[in-house]
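Structures given as structure tokens follow.
There are two complexes below, and they share chain A, which is joined by chain B in the first and by chain C in the second.
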Partner chain A sequence: MGKLYKFLKYFFITFWAVFVVAPFLWALTTSFKDFNSVNGGATYIPWVDFEPKLEGWRVLIKSPANGGVDIIEPYFNSLFVTCTASLISIVLGTLSAYALSRFTFKAGFVKNNDITFFFISQRIMPPIVLSIPFFLFLGAINLLDSLIGLIIVYIVLLMPIAVWIMVDFFNKVPREIDETALIDGCNPYQAFFKVVLPNSIPGLIVAGMFCIIFGWIDFFFAFILTFTEVQLLPVKIVALNSSITPWWSLSASALVSVAPLIIVAFIVERYLSKGNLSGAIK
Partner chain B sequence: MNFKQKYVFLFPGLFVLIGILIFPIIFVVRLSLSGWNSYNGLNFIGLENYIRLFTDDPRFWESFFRLSFLSVTTVILQYVIGFALAHMVWKDIKFQRFFRVLFLIPMMTTPVIMTVIWRTFFHESLGPVNDILSNFGMSPKWLTDPVLAKVTVIIVEVWQWTPFMFLLLLAGLLSLPKEPFLAAAIDGASPIRKFLYVTFPLMAPISIGAIIIRLIEASKIMDTVYVLTSGGPGTSTETSSFYIFIKGLREFQMGYAASMSFTYLIIMIISLTVIAKVLTKLMLKD
Partner chain C sequence: MSKIDLNNISHTYNPNDPEPTYALNPFSMTWENGKRYAILGPSGCGKTTMLNIVSGLVRPSAGSILFDDKDVTDLKTEDRNIAQVFQFPVIYNTMTVFENLAFPLLCRDFEKDKINERVNSVAETLNLQSFLKSPARKLTADQKQLISLGRGLVREDVAAVLMDEPLTVIDPDLKFRLRRKLKEINEEFKTTLVYVTHDQNEAMTFADNIIVMSEGEVVQAGTPKELFERPNTTFVGYFIGSPAMNLFETEASSNDCVKINGTIIKTNTNLSKLKDKKIKLGIRSEFIDIAEDQKDNLLSVEVEKVEDLGNYKLLTAKMGNLKIKSKINRETVVPTSDVKLHIPAEKCCVYENNKLI
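The block that comes next holds the complex of A and B.
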């Protein structure tokens, strides 16, 4: 029984690990191929199955006029939009989350829980429902196809995540901390900024990482609300996919695009092992 | 605690969110009661769009049932696999941190970009899957067969989002109290009984939360489908979002698309509430 279980366990884990890695490995080998080694059927091992070429990686830094794929500008656009929207969402979301965790609000039948639910429930909204009015509205105020327009939309996507994680986190920070600070003569702002916030860094990091993940991986809004002036990375890669871009440069650009967030996996795991995440994610 | 300053904390976030959302939402409702074309703008036509939707558009309802099927299937698979993986790397295993990081990686990658890779992976003549299967004399049409296209979408979705389930469940497992497990060990419970009577019930609230969160996200499936199959072959992988997208932003029937998206939103809210209630009843009945 024990032995069989152990065997099955390692078998399953290995199987899943191979499944997780497979597309990355495939993309990595493909990125070193050229026309012959792609179109002759699937090949796997460089030097044995095919002669590796660097063409796929070279086009990343070439200018578009010379046949480059031109992903550098979309890269920085994506970085800028994701970081700005995450920062704004975290700042506003953290303040609101603190208020919802510490103070009581009541307006008619609306109480703290209802306000928290209002924030979080924005995740239920299918993007398509908002996309049509956003499309028309941003068009009306001339922000269609602009970075600012995208940042505004991304705040709606990310603030619910920030509020959700931070409300939970603040609920676990002992109230005595702020109360002591208040007794010592701080006003509520000082109590928050000087005492509570420094104690909330793990929560802020987790919330920040989730905002960055969900901002960085979004495709839909960027796809609908931008055209030519501003391009975000996912939209650019998909555009490459539908044009005649060969597999090798497609694979190389895809790998470069997904690489940065893989670091986040390490950070998340660290917080998971320390037990900080269980407080942040309920 | 109560201070006047509490509003200063709450209001910026709340008002920014409401400010961004209120006009679009009102506008969707207004638009759904209108005909719209780019020449003469909005003209009020009452419930006509809704009547058309409920009496004369089987394609919308087919896409909705397809979406329900796809999201329920993927979420169940993600939950079962995610729970199994989380339970396996929970304790005493070699290379624990390595596997934990590895199993988290897919959710950090952009779905559409990975889907571009998956497209080459499942390519009928040049992809590795069919290269291996061809040794056994098979060459399935992963992207152009109505049934297999759905399977491909499910495989890609499971690859992409099982890590999220894994993360939530592992965080849950790591936060469980130790006492019930000690008690079970003292009673000499077998591993299977320990799982069924201790771990699983303790994990029920977290499981419900994780399933609901994933169902919410899965109900938006669209990116993957758009890149992988563009809803095809025919309409066999078309989801609600994708159909609304085609009607609204490809054929520019904005009024009709708005009425569909509003209906879709209402159905989503109702069914998710019902699912949450049912799951809570089933899993927390003791």
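The block that comes next holds the complex of A and C.
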């Protein structure tokens, strides 16, 4: 029984690993192929099945004048917009979430839970509903086709995620922690920054990670709100496509675009493990 | 260390209701500097609310609080210089044990040398020296509670240390040692200690004065001896002591006697104004003994059971539909059927409407 269990366990782990890693391996090998290696039947092993070429990768950095797409600028645009919007969303979202968790707000029938739901409801409606208001709004303040305009839109989209995660997290932090800090001599701001916030780092990391993911993968708003001055990575990658699908450069760009998320996942992996997150405050 | 006056304090959590329910009914009290107080009562009786009002976490709906005759009712918690330890350990997870203990001093800008001296002294008192550099989150629950306690004791000039059932998570042996340690700290540094508990043994062994509360009301405040021998209400008689006080429904038969199931029992209370009124006679099981050479105040009862509880025997007897409990010496031989119990007049408490006469 024990042996069978062990065998099945390792079998499923191996199966799952292959299932997860295979697309990456396939993209990696494809990125080094050329037209003939892709279209002349399935090929798997470099130097054996096909001769590896760097053309797929070169296209990404060559200027359009030389037949490339140059994703370097869009790449850094995406990094800048995502990181800035995520950072601002986390700061604003955390402060809002703390207030919603610790203080009682009442305006007519609207109470704390309704305000929290209002934030979450921003993510419930389909993005298309927001596209026209955003377009008109950014147009009115002359920020269409600009990084700042995109950052503003992304803050609106990402802050609900931060509020949602952090309200839940702060609700699990006992109020006695804040009260103890007050008794120990902190004012409410010091209690928040010196005691509650350091205790909430796992929550902040999870919220930050979700903000980064949702910011980084957005195509819809980047496509609608930018034209020629500013481009973000997802829009640029789509522009790679043509009548003959360039699988090699698409694969290379897919790997390049997923790389930051993999790095983020590695960094926060230890905080995502059950022990670290649930044991943050007892 | 301060004298704390609570003047006509009351509190409700729903002040806007037309008929608010009071978590704490109006009361006044003085906590003398350097004494040990226990607030005793069942869960939900308002003990924690009282403590939170003193520490400033809750502002009372009415009344005022004075620290050394200075009104602090509107003073914020952080400006009151008070320490409070909660029922469950509250530690700062991201700090070491040393940083946890030093935190209240750092917040008040103490000198580094003074901080080191105080933290080491408190750590020594609580046997935490070997953990000072460890991350606080890695300690066990009772060690964490020691840190909470240590943060309460680290300031010497604190007005009072308020403790809300602080030893709940600590094992019995350490609990006993810590209670003794707290008493030593109080005797040495004259720190006013206020200890909330629902465990009467804890209250009795710890405090100079006990405040008994029930349903938001302070029902009696006094020394453990006063509470034990002269409970002000039948609630205190029932709540304090194990087993609870024997209480018999009765009526006055003369100026100082009551009749229990036809037997006249003399008391030292003047009952002349209570003739024909329903009253209750209360007597502690510790004061009832098997009659040997007494002639008066005897109740003839039927033995129901005798339990050997280690250092004493607990006799449960019945007289008609009345049940009587008596704590007797282990060595005393108890008859198996009928027995006469002596009720000493000077230990009888008479209650009208559940209040002591």
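Assume the second predicted complex is superposed on the first by the 232 of 282 C-alpha atoms of A that agree within 3 Å, B and C clash if a C-alpha of one lies under 4 Å from a C-alpha of the other, contacts with A are read in each partner's own complex, and residues count from 1 in each chain.
Convention: contacts are C-beta pairs under 8 Å (C-beta built on N, C-alpha and C of every residue); 3 or more make two chains touch, one makes a residue touch a chain.
Remember, it's a predicted structure, so these values are computed and weren't measured experimentally.
*Asks:* One more residue to check, A:P198. First (chain B), second (chain C), both or neither?
*Replies:* Second partner only, chain C.
*Asks:* For A:F19, is the partner it touches chain B (first), chain C (second), both, or none of the two (neither)?
*Replies:* In the superposition, A:F19 touches chain B alone.
*Asks:* Between chain B (first) and chain C (second), which, if any, makes contact with A:F220: first, second, both or neither?
*Replies:* Only chain B; A:F220 stays clear of chain C.
*Asks:* Would you check which partner chain A:E179 touches, where first means chain B only, second means chain C only, and both and neither mean what they say?
*Replies:* Both partners, chain B and chain C.
*Asks:* Going by the contact rule set out at the top, does A:Q190 touch chain B (first), chain C (second), both, or neither?
*Replies:* In the superposition, A:Q190 touches chain C alone.
*Asks:* Quick one: is A:S63 in contact with chain B, with chain C, with both, or with neither? Answer first, second, both or neither.
*Replies:* neither
*Asks:* For A:T228, using the defined touch cut-off, is the partner it touches chain B, chain C, both, or neither? Pick first, second, both or neither.
*Replies:* neither
*Asks:* If you count the residues of chain A that each partner touches, which comes out higher, chain B or chain C?
*Replies:* B
*Asks:* Which residues would you name on chain A as touching chain B in one complex and chain C in the other?
*Replies:* Common to the two interfaces on chain A: residues 179, 182, 187, 279, 281-282.
*Asks:* Residue numbers of chain C touching chain A in their complex, please.
*Replies:* Chain C residues touching chain A: 55-57, 76-78, 81-84, 86, 88-90, 92-94, 103-104, 107-108, 137, 141, 144, 148, 151.
*Asks:* Can you list the residues on chain A that touch chain C in the complex?
*Replies:* 174, 176-177, 179-180, 182-187, 190, 195, 198-199, 201, 279-282
*Asks:* Residues of chain B touching chain A in their complex?
*Replies:* 1-3, 5-10, 12-14, 16-17, 20-21, 23-25, 27-28, 31, 81, 84-85, 88-89, 93, 97, 99-114, 116-121, 125-128, 130-131, 159, 167-168, 170-172, 174-175, 191, 206, 209, 216-217, 219-220, 222-223, 226-227, 240-241, 244-245, 248-249, 254, 257-258, 261-262, 264-265, 268-269, 272
*Asks:* Hey, which residues of chain A end up touching chain B in the complex?
*Replies:* Residue positions touching the partner: 5, 9, 12-13, 16-17, 19-23, 26-27, 30, 38-39, 41-42, 44, 92-93, 95-96, 98-100, 102-105, 115, 118-119, 122-137, 152-153, 155-156, 159, 163, 175, 178-179, 182, 187-189, 192, 213, 216-217, 219-220, 224, 233-234, 237-238, 240-241, 247, 250-251, 254, 257-258, 261-262, 264-266, 268-269, 272-273, 275, 277-279, 281-282.
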